[in-house]
């Protein structure tokens, strides 16, 4: 348990240094630490031990994204209290604001937030900023947040603020989930022409 | 009267020679043909009178070559005295709509002959 | 393209190489043919292209097949031509073929339809015109009544005026009673030269010397 | 474009898996099949009427908000007359939306060779598939022929025909590959366990033709699962309810559905279901008389829905005291008489050897009877209290 406490402390000190954007990351970090504590104790301790070995300071780099988070963890995270405290009842993307010069945002969002396994920007997109949000077709709770309840289509990146890479991954995941039947959608109505199936036989009956 | 779904914008004289032939659509290294009716004297990049089918010469996953033919219109145009280019005539012959073109038979026997010649060579090589 | 190729060919007078040495000599992969107007290359002048021999039996077979094919196609074409003609005759897609009786019947039908329509419209028009006429009559009547009323009122007012004038004329001064009037006027001089104070008391001027007397 | 590329790659991978897994999902659980052609019985006008009546017409469910790209609505000012006309149109539209998918037997693939030409052997290395794309033809009458490498010309198999039809005249929503939901046994099972019956069946209709083996297998599987989970309310007032009821009646496992109907107080439907099963199995019981009596007493679902729509027009004052009592209790006098008739009929069925869950059904029936009796007493009491004359 000690390493976790240290991690939390370190992240708190980080908070004083960093800007507004970091607050979110920190709180997420904290919560995740708590969540992971309750769920996957060994995993986290291993991680922190490794980090301790690697660097003297022992603080995990909040911008590092080399670690692959399994989908199952992400799905559990979405249901956990940590997620709840971070995002509340709103969607993952509702609180996110894009930074841009001038009055109007550029038409497209940035190409990617993660370069060479690290977050390369100060304001990463809603998916990239939280490493525990994994886009996968099994992660329906997450995908559902990006689908419009009115038209059933995917929300545009101009609304959600996803980077282009995440958006592409999201599109693929949603399409796969629909294919697998994990996400339901309104199937177009098929009209049947009965005579196409019964026409000949009815004629026979008439004769 | 509205245009029929496959009609083109090509202008033509009533008594000019029409021909049913291929027009190469598609791109480099990926041929795809429209089967069209147009005036015989025009080249293939000019507007057509009507599209009556399509032909995909590259086999698909199931090892099939797909051909679509608007048989009603083909019959109409042939009845109107339209000519046919040789590949188009071959294709229509293969489809069973018209008699089989001699060239198809020719390729068939040439292919058979080539296979028969290749076989003894192969058997000799293996033996 | 060809022109470019030509220039390239002519570019190196030494005929050194269209490959390699010259850096900006682009080499076209697709259209590398010599221009039409250049003569045959020296190295190819005496080359005789080999002609493929077609076996005699194959030629005969192909001839037979072609004859066969042409005959078949001719009959197919004939059939299709007949089909098209038949279709054009029977089809009602763009033109309608009618027998004279049918045409007559259709004409009668149209006439009847038109007559019925006309009758309907005529009855409607009758109704409308009658209504309009009535309205017009009513309007004119109304206007007349109103005019009459107006005239009466005017008369009334005029007679009233006359009566009033007659009433007034009784006090008029005429030639006959002129002297009388003069006398009366002289007998009763009226002096308008007076003043009135706030209390309403009248102070006659000229004849009354109240101011002077009081002073 | 890049998205398509991604998906295509994934699909290619899936196809490999799907081809391996293709057979299990389709072939497994083919326990219940139509052993002979169900068509004459299904298209029979009486059967159709029974099925439609059983399906019911709940406008809220038929016209639920759909999440489709264009789900715009229009607001209009109308006179009462126009509104009434619009109501009639609405009912027609709802009926159209409830059109039942046809029930047909599995079509067997037959090889029909048009001509054989041995001289054309090896004329090409691949097969040629010719599709007639003449404008305005129906799918069933579109000709697809195949010229094989050995020179024989034949009509294409059903599979190829469907593929070509989808290629040249695409049906919206149908995929050119088998969706993983249908190909993968576990995914289908998962969907079933999550009770997405309507979604599965909707998708099934779009993906497969009614005469295909997969259609029969998967629909049979869904119906069986539904019979076990007893969530019949999910399909009520959808286009799948009719074929489902027909399926149960055909395979004589109507008891669960019957139980559900009795519990929900759809006695009229219960009678129809029993009548349908009698009709299919040709049981010598005279059900027609009861049915005709019931029909006289109770309106069809379309009429009921129409009345429901019209009732919005009336203000509260216009409703008589009698109607208010009906609303409060939910039944009219006619309903009570109809209930009596149907109860008698159902009891007769439970008593017979055809029912399998007698105890359960009897219990449900008993409960219903008591509730009904209470309601009747309340109804009569209210009527007396308000001084409404017994008609």
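We call the chains A, B, C and D, going by the order they appear; numbering starts again at 1 in every chain.
In this text, a residue touches a chain if its C-beta (ideal position, glycine included) is under 8 Å from a C-beta of that chain, and two chains touch if they have at least 3 such contacts.
Listed by chain with UniProt protein names: A = Small ribosomal subunit protein mS40; B = Small ribosomal subunit protein bS16m; C = Small ribosomal subunit protein mS26; D = MRpS22.
Please read all numbers here as calculations on a predicted model, not as lab measurements.
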Both chain A and chain C are touched by which chains?
none
Centre-most chain, if every chain is reduced to its averaged C-alpha atoms
D
Consider the two chain pairs A-D and B-C; indicate the one with the greater count of contacting C-beta pairs.
A-D
Measuring from the mean C-alpha position of chain A to the mean C-alpha position of chain B, what distance in angstrom results?
52
Computed distance of Cα centres, chain D from chain C, in Å
54
Averaging only over C-alpha atoms, locate the centres of chain A and chain D and give their separation in whole Å.
38
Among the residues of chain B, which are close enough to touch at least two other chains?
100, 105
Overlap residues in chain C, where contacts from two or more other chains coincide:
none
Among the residues of chain D, which ones contact at least 2 other chains?
none
Edges wherever two chains touch, nodes for the chains themselves; is that graph a line, a ring, a star, complete, or other here?
line
Where do chains touch, given as pairs?
A-D, B-C, B-D
Considering the complex alone, what residue numbers of chain A touch chain D?
148-153, 168, 171-172, 175-176, 179-182, 184-194, 196-199, 201-202, 205
Complex interface listing, chain B residues touching chain C
1, 75-76, 78-81, 98-102, 105-106
Considering the complex alone, what residue numbers of chain D touch chain B?
114-115, 117, 119-135, 145-147, 151, 153, 160, 164, 167-168
What residues on chain C touch chain B, complex-wise?
58, 62, 65-66, 68-69, 72-73, 76-77, 80-85, 87, 94
Chain A partner contacts - residues on chain D that touch it in the complex
2-3, 6-7, 10, 39-40, 43, 66-71, 96-97, 99, 101-102, 104, 138-140, 171-173, 175, 179-181, 184, 187-188, 190-191, 196, 199-200, 202-203, 205-206, 210-211
